[in-house]
Structures are given as C-alpha cells and as structure tokens.
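Here come two complexes built around subunit A, the first alongside subunit B, the second alongside subunit C.
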Partner chain A sequence: MSALTAATEASVPKAAAAHLRIRQLGKRFGSNTVLRDLALSVEQGEFVSLLGPSGCGKTTLLRLIAGLMLPDTGTITIGDRDLTRTPPHKRNVGVVFQNYALFPHLTVAENVGFGLRNRKMAAAERKRRVAEALELVRMQEFAERSVTVLSGGQQQRIAVARAIVVEPAILLLDEPFSALDRKLRETMQIELRHILRNLGITSIFVTHDQDEALVMSDRIAVMNQGQIEHFGPPGDIYTNPKSLFVLEFVGQSTRLPGKVLQTITGRVEVETPLGHIRAPGSYLPGSRVVVAARPEAITLGEGPAGEFNTIKATLTDIVYLGAKTQLHFHGAAQDEAIQVDVARLPIGGLAPGAELSLRWRIADTMLFPAP
Partner chain B sequence: MTAIDLTAAKPVVRRRVELDPRLVMALPSLAFMSLVFAFPLALLMAKSFQGPDGLTLAGYNRILGDAYYRGVIWDSLTLACRVTLITLLFGYPAAYALTRAKGGFQLIMFALVFLPLTVSIIVKTFGLTIMFRREGILNWLLLNTGLLDAPVRFVFTEMSLVIGMVNVFLPFLILPLYSVMRMLDARYLDAAATLGTSPLNTFRRVFLPLTMPGVIAGSSIVFALSVAAYVTPGLLIGERYMTMSMVMAKAFLNFRDYQLGSAMACIMLAIALVIVFLSSFLTRNLEARGR
Partner chain C sequence: MPVLARLFAGLMLFLVLVFLLAPIAIVIPISFSPSTVFSFPPTGFSLRWYENIRNADGIIKALWLSTQIAALSTAVSLVLGTLCAIAIVRGAIPGARLVSTFMISPLMIPGLVLGIAFLHAAREVGLRDGYIPLLLAHVVVTMPFIMRTVLASLALFDFTMVDAARMLGCAYPAALWRVLVPNILPGFVSGALFAFIVSFDNYPVSIFLVDVHTKTLPIQLLNQLEMSPDPTLAAVATVMIVLTILALFACDRLVGLRRMAAV
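And now, the complex of A and B:
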C-alpha cells in the first residue's frame, strides 16, 4: 500500500517494535566529540523531535541517520535493516532540508517527481503520484512553475511533497520552519503535523525551538553535548525534566540553590537563601541541590504549610504579555530571580516594590543535584 | 556664507548637470578604451571597405570567394572546436577536484593552475617544442618504455598544435568553472542522494546542469582565444596550418595588403561577436529556466 493512499484511510496501525533503533552511536570531528554513545528508539509512525542548543549534535545525528555522514561507532537500524554503512541513496530515508534545497533548474512537478525517476515506473504512474503529492500539500496549481519564484512556505510544501512521494521508511526534517516568519511558521507546524500523522510516516524533526518541539512531537529527545538527556512525551519533559539542563532549556523556571537539611518520608527539606523549601525526593543531608518551580505553578498568597512552600519576595517588575502577565520578584539578598506567571493581576493591582507572599505545591517542586 | 546661500537659491545654479555616479566611475576606462580600441577598430573596419575607387566589398569577396581562404576559416574554427572540447574534457574534472580538495593539496592544485598563467606563452611554447623534438623527452620516454620502436615526429604536427593550445588555455576554463562549482550548494547533492539517486545520476541530473553556466563561460573564453590564437600556432606549426590570425598577420606584415588583412580582421571580429552573443544567450536561457 502506498503511503499516499494511506493518507485517505487516516488511521495506520502502530507496530509495537521500534522502527528506528540507534545504539552506541559516536561521531567525532578531529578532537571534537559531537556524539557520544548515543541510543535512541523510535516507534513506527511516531513523531520525534531532537531538541537542543546549536552544537549539541542534533544535526549530526540527522545526517548520520540519512547516511550523509558515517558514524565512528555504533549501529543504525531501520525496520530490520542495518543501515550503518549503507550509502544515502540506498537507505530510503527522506529529508526535508533547512533551506529546502529544491533544485533550481527544475519545475515544481519535476522537483517532486525527482526521486520517482530513480524507479522503474511508467510516466503516467509517476505523473499521478506527483499530482497526488502536490494535492496533499495543496500546491496542485503550481506544478509547472519554477521553484525559484515560490515563497518560503510554498517551497517548504514542495520540499515535503518531494520527500514523501518516494514513500521513505522514515522522514527527517532539519529545522524546516526556521526560514519562515512567525505567523506562517505556526500555520505550517499544524499543517505539517496533520499531513505526517495522516500518512503515519515515522518522522524525526530537528529543532532548537522548544515551542516547535512541544507543538509537533509525540516524544522529544532533549540533546546536550552529544547525548540525549531526556527522551519522553512533551508533558513529561516539561513537568518532570530529568536534569537541570532540560529544565533550563525547555520553558522558564525559578531556580534556588541550597543545601539538604534532612530527608523524611520521601520529602527533602532544603535550606535556601529564601528559607526552607520542601520537595519530593531523597538526598543525603548536606548535599548541594537546586530546587525549582515553573512560573505558572507559583501563586500569590500564603497556603497551608503541610502542602505548600511559602516564601516572601519583593516585586520588581510586571510584564504584560497578553494572555498572561509575568511577575518578576527578587529575594532579600536581591540576587534570586523568581518568576511568576498569572492569568490576570489581582483586583486592586500590584505595585513594584511590594513585599508579597508566594506559594507553590510541594508536589510541584523539582529537585536537582547542584551542577 | 550668506553669499553662497544666495547663489545657491538662484534657479540657474540649481539647473546643473546631474551626473550618474555609475557613469562617472565608468568614464575613465570608457575614454581609454574608445581611444586605444574603438577608434583604431573603426579605422580598421573602414579600411576593409576601402578600394582604389571608393567603397567596395572586394576584400570580403577575395576571402569568402576563395576556396583557400574559406578553408583557412574552416580550419581555424574546427581547430578552436577541438581545442575547446579537449580543454573541457580535462578542465571539468580538474575544476571539480579543485573544489573538493582541502588544505595543502588544494594550494598545490591552485598553484598548478595559476603558475602557467604567469609564464609567457612564448616561453611555454618553446618549452613544448623542445619536449616534442626528435631527441626530446617525449620521444625518449616513448622509446625507452618500449611503446615505440623509432622516434616519431611531433614538431609541426597538428597534434602538437592541439596539445600546445590546450596547455595554454586550460586555466581559462578551470577558473570560471571552479568559481561556479564552489558556489554550488552541497545540499542539492545531498537532497538528490536522499531521494535515491545514485552518484552518477546525481552528477548527470543535478551537478552538470547546475554547473552549465560555468561550462558555457569557460568554453566561450577558450573558443574565442583559440580562434584568435597567433603565437602558439605560429611557433608550434607555422605555415603548415594556416589560421585566420596568421593570414591576417601575413597580409599586413608581408604583403602589405591592408584590404585583405582588415577584411580578415573584421571576419574574426564577427565570429567573436557571435560567440559572445551565443554564450550570453545560452546563459540567460539557463537562468530563465532556473527562475
């Protein structure tokens, strides 16, 4: 069954076994280790984002999967084929490049049909498939145009059509939205997610934009210094980050360094510059740790001590952002930055300089070893 | 100060000539070229139509009506074609290698392309004659490797002429090709590969068409230089293989037949113009397709 006809049937059964499996992957350029001992398993039909700052190795990982580069160590298998040493043109891995890399000397239809020409296929069949792919990305009427006259969003659609028309085993997308302006980017994210979900095509998506990763993905792999620090669903990444790096890279947070005083029944009491903070976890007394909370978890006012952490802080700044308002506080020593997001300001308003009580649930407090 | 302000307010002062800055920049070279190039060229063209009794096409008649001179034109054109094709055959892969080479190796290759340009054509050509001699290094090599039993005559053959001209003109093809190849985004090739295209087909369907502007630019330079070449054919083969420039030079220097010489010069000019227009037409066509 062709991937394109699958589109009309909407639901594609997910195989339980991992579709893409990467083991012990390593890559170095000279003395610079870009990937070290990296492992990743992606299921059939899953949409996975590789999220990380520039230089974390995410693009290298993508190029290794595509075969545009060879790893120093480790294996890459897709389905039950070991592709570690297979040249790119024999891998059946589709790529949507960052600047789309549409062939400037060919028309839209010739670009989309480019990969099909590598297969023995009647011209009529090829034409039908190209038309089908163009329809999928709603670009039918552009078939005979030159690609160089298209806008960024249109070029992206063609790049996607060109990659999926050959029915790749896996689709790789290298920051495909980075060249688009914000409004178009948001529309294209939703549209692309819709198309790829319907096709049931396994997709791996490289981005440094956390919002993009949260919008698009079934699972996110947060990468740092050549390794995956956290691989999980977007909600898990955000609310339960595995490391301080993940916490800092995805979303905003208030972080307070401190020293563990004691651990009682799965709850740690930490001494911080803003007083004693409790968090779920278990550490030896004396350990250096960082306690953290997301801005929307913190609310104004005091709460019952058995369930909440409460601190006092001075309001320094009010930033109105439309849907929410950011409140910036600092503690007594003036160096701890505390950020609180509220949907709307309390009746009567707030004035910078006021000392207020802030509270958040002990259960919402995150705890990490100090770096 | 006030005096200046007053004169500036006068409409007469405001109506000064506005010079386009681009024109100003081009003016010195334009003046120079019209003096030393366009003016003598116009004289030459006038001379080609000059007869004992006024305007005449006799000069052109003598060339185009004569089988010998038609043969010379034909020989010059086919020679230029052969030289261009062989240069392309050697130059295209060389330009590609130059693009892909890294570090010290690239430096060495660049030197190999550039250094011949710094050596005078006369020196190069005499060098070749020495190499091609009966007791020259080429015959010595062929005899000692057992490829030949008796020395072969290379000097004053068409083969030596073609080899010599390819040698002289190769850099003029490699350099424009290199600049086009270097600008080519490697992601086009990556994209073709990920679409299942073999390296050979990627070359044929992506690399070659996208480097075509460089091929056209480089080969029109080489073709134009070959058609007009005088020194290299003169030294390597002499009058055994007459080219248009040799006929022209002979007419001016030996026969003092200015009508014949200038008519031949104008025919060469026409050929050069055709090459220029053809190549810019082809390039523009390619670009239009790209756009």
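And now, the complex of A and C:
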C-alpha cells in the first residue's frame, strides 16, 4: 500500500509542535513595504486560509514560503528545517497556482508524473502513483488526454493531483477557485477540503472570498497591509474579531461611532447618535470608540434594559434572500445604516417607513477603538 | 462584383508567383543542360555540372565553411538570444525595452557598415584569422531574427509554468529546458531557420571579413562567376533549393509550418 492510500485511511495526526513557523518576515519592493514583521505558525495537517483585500501581500507571502522569492528579513522553517534560503526545488513544497500552470505540451498523466520523474522514481512505481492521484481527484479516464482540452474544473483537479502526488510537506494554494463559476466553485471547495483532510496535508490557502475561507479552514489568518491582524478559527474571527478591519472584512455588521461615558464593572457605556449603548470591555471615559453588532444578533422589539441595548430606527428596505430576510434601517440622523437579519418577518408584515425598536444583547456588542 | 474581384485577385496572385518563382525555377533545367553557357531551354540532359561542383575550385570548401558559420552563429544566437529575451520579458534588467531595440538594431544597419565596423574592430583587437571575426559578425547578423521570434513567443508564454516546474523539483535551468523550451519550440525553429538562411547567404558583411583561406559560399560563387561562368553555379543553386525545401518539410514535421508562421 502506498503512502497516499495509507494516509487516506489513517486519521490525521495532530502534532503539538508547529509544522510551519514564520518569524519576523519582511519583504519590500523598492519603497513599497509589502510584508512587515509577519509571524505565522501552522500546525501539522492544518488547513489555514489567508484572507485579505487585494494587494495586502497574500501572494507575496505564499511565494516566500515557496521559495520563488527571498525575504528581506525573517525566517521560515518547516518541521525542523530552516528553509529561508533554500531554493524552491529543494523545499518539498507543493503549489497550486491560480491559473493552474499545467504544462500544455504534456498529457494529463505526464503532468501529474512530472514531479515524480524529478525524484528519479522507477517507471512502474511512478505509473501506479499517478493512477492513484488521478483516482483521488476522479480523473482516471483522462490520463492520456491532452491537458489543453480539459474544462476549468478538470484542469483544477489535475493541478491538485500534480501538487499532492509528490507528498509535499506543505501545500500552497493561491486562489485556486477564482476562475470557476459559483456552482462549480462550491463543489470543488468541499471536494478539495475532503481530499486534503484525508491526506492530512498541511495547507495554506489564499482567498479574498470570506465565505470560501469560512467554509474551508481550520484557522483563518486575516491579513491587512502586510500583517496578520487576526489568526484564529472561523467562529472566533466572526464573533470576536480583533480589530475593526477584521470586523468589516469578514461578514456584515452595524457600526456606530461614539464616545465612552464611563466603565463600570467590565461594562462600557458609550454615547452614540442613537442613544446610550453598553458593551463588555473597559475604556477610559472620553475615548473615541466604535460599537458594532452582527445583523443576526439584532431582533425586533424592546428587551429588558439590564441585558439588552435598545434603539429606535426607521425601516428603509426589506430584502428577501430565501433563507433569511435582510431589514435595512437608518437612525434619526439618517446616516447610520443598520442591518438586521431575520429568519421570518413578523405576522402582519412590515412596511418601509415604520419606526421600530431594535434590541441586541449587551454581550453580543463589540467594541473597538475608533480608527 | 465579387466573382470578377476574385478572378482579378487570382490573376494577380498568379502573376506575382510567376514573377517571383520563374527566375528561381529556370535555374533547375539549366543545371541539367550539357551546354557550357547558360542556355534556356536546355538542349539535352547531363549531370556534368553536378560533377563539376567537386572539381570547381573551392566550392565544396566554401559550402562547408558557410554551413559551419551558419550553424554555429545560429546556435550561439539561439542560446544567448533566448537568455537575453527571457531577461527582457521578465523585466529583470533595467531599460529592457532599450536592450531589446539594441539587439534587433543590426537589422536596420546596412550590411556594408556592419562589415567595415567588424573589420576595424577585428584589426583593433588584433584578430588576423578570418574565422573568429566572421563567426562573431554572423552572430550579430543572426541575433535580430532569433530575438524577434523568441520575444514574440515568450510574450505568449506563461512563466508560472516555470515556477510550477521548480516547485516540482527542477532547478531553474532544468525548468527552462523542460517547460519553456518545448512550449516555444515553434519560435525557436522558425527563428533558427531564418537565422541560418540569413547567415548562409550573407554577402555584404562577410565580404569584409573573408581572406584567401576562409571564403563563404556566396563570395566563392561570385568569384566563380567571374572566372568561369558555366552552369556549375546553376547546379549549386539547384542543390540549395532542394536542401531548403527539405528543411521546410523537416520543420513542418517537427512543429508545423502553421505554428511557425504564427510566431
């Protein structure tokens, strides 16, 4: 039995020590500092997404890990090997490129076997491993085809097979789904996650699609301007974002600027254009802050004052989205946009223009220093 | 009047082909004629002029020298030109546009000027032997043809493929060899074919650099024409026509003329 199938059946080993460790990584292009003092530790078998806006340095970080670029400062280690200066062909790092970068002059099987040939593997063994990898991505019948006649989704599978057949210590994927249509993308997300989990390959996945990151990852690293602002499990990123940037970048939210009035026993009272809002935390009186709540945390109607924040707002729009309905409100000053997600409209319906009470738990209120 | 227009276009094409090809085609029957002067139509059939190629003074030697110079200069231009084109396309050097224009500029300089320049340069650095200056000059002359086709091919080449090959265990040179070279082969072949032909029949540059012992074929043929103007020349020309056609067929089998024409 080969290592590939063995890994499929074995449970994923979770070593305590970090598998990939990046310290103080810095990279500049001329006067443009793309990465600064970046740190990241990924565990064996973990699936980590790098999520961030365009130009924040995701591809650059990936290319540094791959060795296709060298950093100005910092170190990169995988296992106990310091790879900071190792050339790419000696790193044992696999990459699935955004445009797949399949070799058009070779067949599907030759593409997948490319890395094995470089490892001086015997032809018979190579053939078997290629067949196994193709089976894993359900492309066995295409072995002898030219890669140029494959569809986008099929090319994607071949690119994945080609990268994992050599059993890399770590697999890097740079927006591998961006060229696929939405339906295919969702299928491929689930399929790829399944394959990589089963093989137990440590993977780093770049995306700027937050849903994709939430669906696929064990942990998400949200990047902004060359640094990682928040690194944690999807639930943590969503419910407990470390910065206003992370809050705004992942999911939707209602945000109100305000000034701290006082802090009493771990609760901050903030003066906002829509009245006094309370949130867990502790700030000096007079600090400028932003209070925020997720749309699904807000419900219609008033609640007991000891436990809830309550505001009044005017309904402007009702957007029906199937599983949920989005209600858009604005406050008295007209410029605070408030979004509420409800599973079902109240009996009797709602009409735009109505002034309603909205409430959410104090515990669900998030608080950030103003930018 | 599309019918009339098509007829007219067909006629024009026919006339152009006759005008271009007739002088070339006429050489072939002349080479098989027994007459000692160029006469058309031929009065009989003989292979004496083909036999005479061997006897005629220096033609075989010149043919061999020209083949060597053309093959070597093409090979050198291919390797250096490709590396230079990669640097230009990847923007790894400052002033890449300038460099690319510079490499193609010999195309725009009259051969006579290049020839004189090379003669002086060779003298300056003390190169007396004709072979090396001749080879260097031909590298310069063939370079633009390689650069043009290779640059065009590289513009369409996706360099992430090279990155992919490196991640799969190829050192950089091996990655170029196994991924870049096969994918821009049509560009190489058409560039090399042009370069070889340009070197092979170069007259204006070579004339300044040849000496008694190193004479390239075009120069030797012209000498021959002055000394004994018989159909030996037609025989040599016929051989070259046949070789050219064979080369085109070989290229077609290798990469396809359609793909070569596309770059």
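Please note the rule applied: the second predicted complex is superposed on the first by the 365 of 371 C-alpha atoms of A that agree within 3 Å, B and C clash if a C-alpha of one lies under 4 Å from a C-alpha of the other, contacts with A are read in each partner's own complex, and residues count from 1 in each chain.
As a working rule, contacts are C-beta pairs under 8 Å (C-beta built on N, C-alpha and C of every residue); 3 or more make two chains touch, one makes a residue touch a chain.
Just so we're clear, the structure is a prediction, and the values are computed from it rather than from any experiment.
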For the three-chain model obtained by superposing on subunit A, do subunit B and subunit C clash or fit?
-> clash
With the two structures laid over each other on chain A, which partner does A:103 touch: subunit B (first), subunit C (second), both, or neither?
-> both
Looking at subunit A, which partner touches more of its residues: subunit C or subunit B?
-> B
Pick one for A:319: touches subunit B only (first), subunit C only (second), both, or neither.
-> neither
Kindly classify A:149 by the partners it touches after superposition: subunit B alone (first), subunit C alone (second), both, or neither?
-> first
Could you look at A:89 and tell me whether it touches subunit B, subunit C, both or neither (first, second, both, neither)?
-> both
Once the shared chain is lined up, is A:118 touching subunit B (first), subunit C (second), both, or neither of them?
-> both
Just one of 3-11, 21-29 or 201-209 in subunit B hits subunit C in the overlay; which is it?
-> 201-209
Set intersection of subunit A contacts, subunit C complex versus subunit B complex | 66, 68, 87-89, 91, 93-95, 97, 99, 101-105, 114-115, 118-119, 162-163, 166
Touching subunit A in the complex: which residues of subunit B?
-> 185, 187-188, 190-199, 201-202, 205-206, 209-210, 286, 289-291
Okay, in this complex, where on subunit A does subunit C touch?
-> 66, 68, 87-89, 91, 93-95, 97, 99, 101-105, 114-115, 118-119, 162-163, 166
Inside the complex, what are the residues of subunit A that reach subunit B?
-> 66-68, 87-95, 97-99, 101-105, 114-115, 117-119, 146, 148-149, 162-163, 166
Mind pulling up the subunit C residues that touch subunit A in the complex?
-> 158, 160-161, 163-172, 175, 179, 182-183
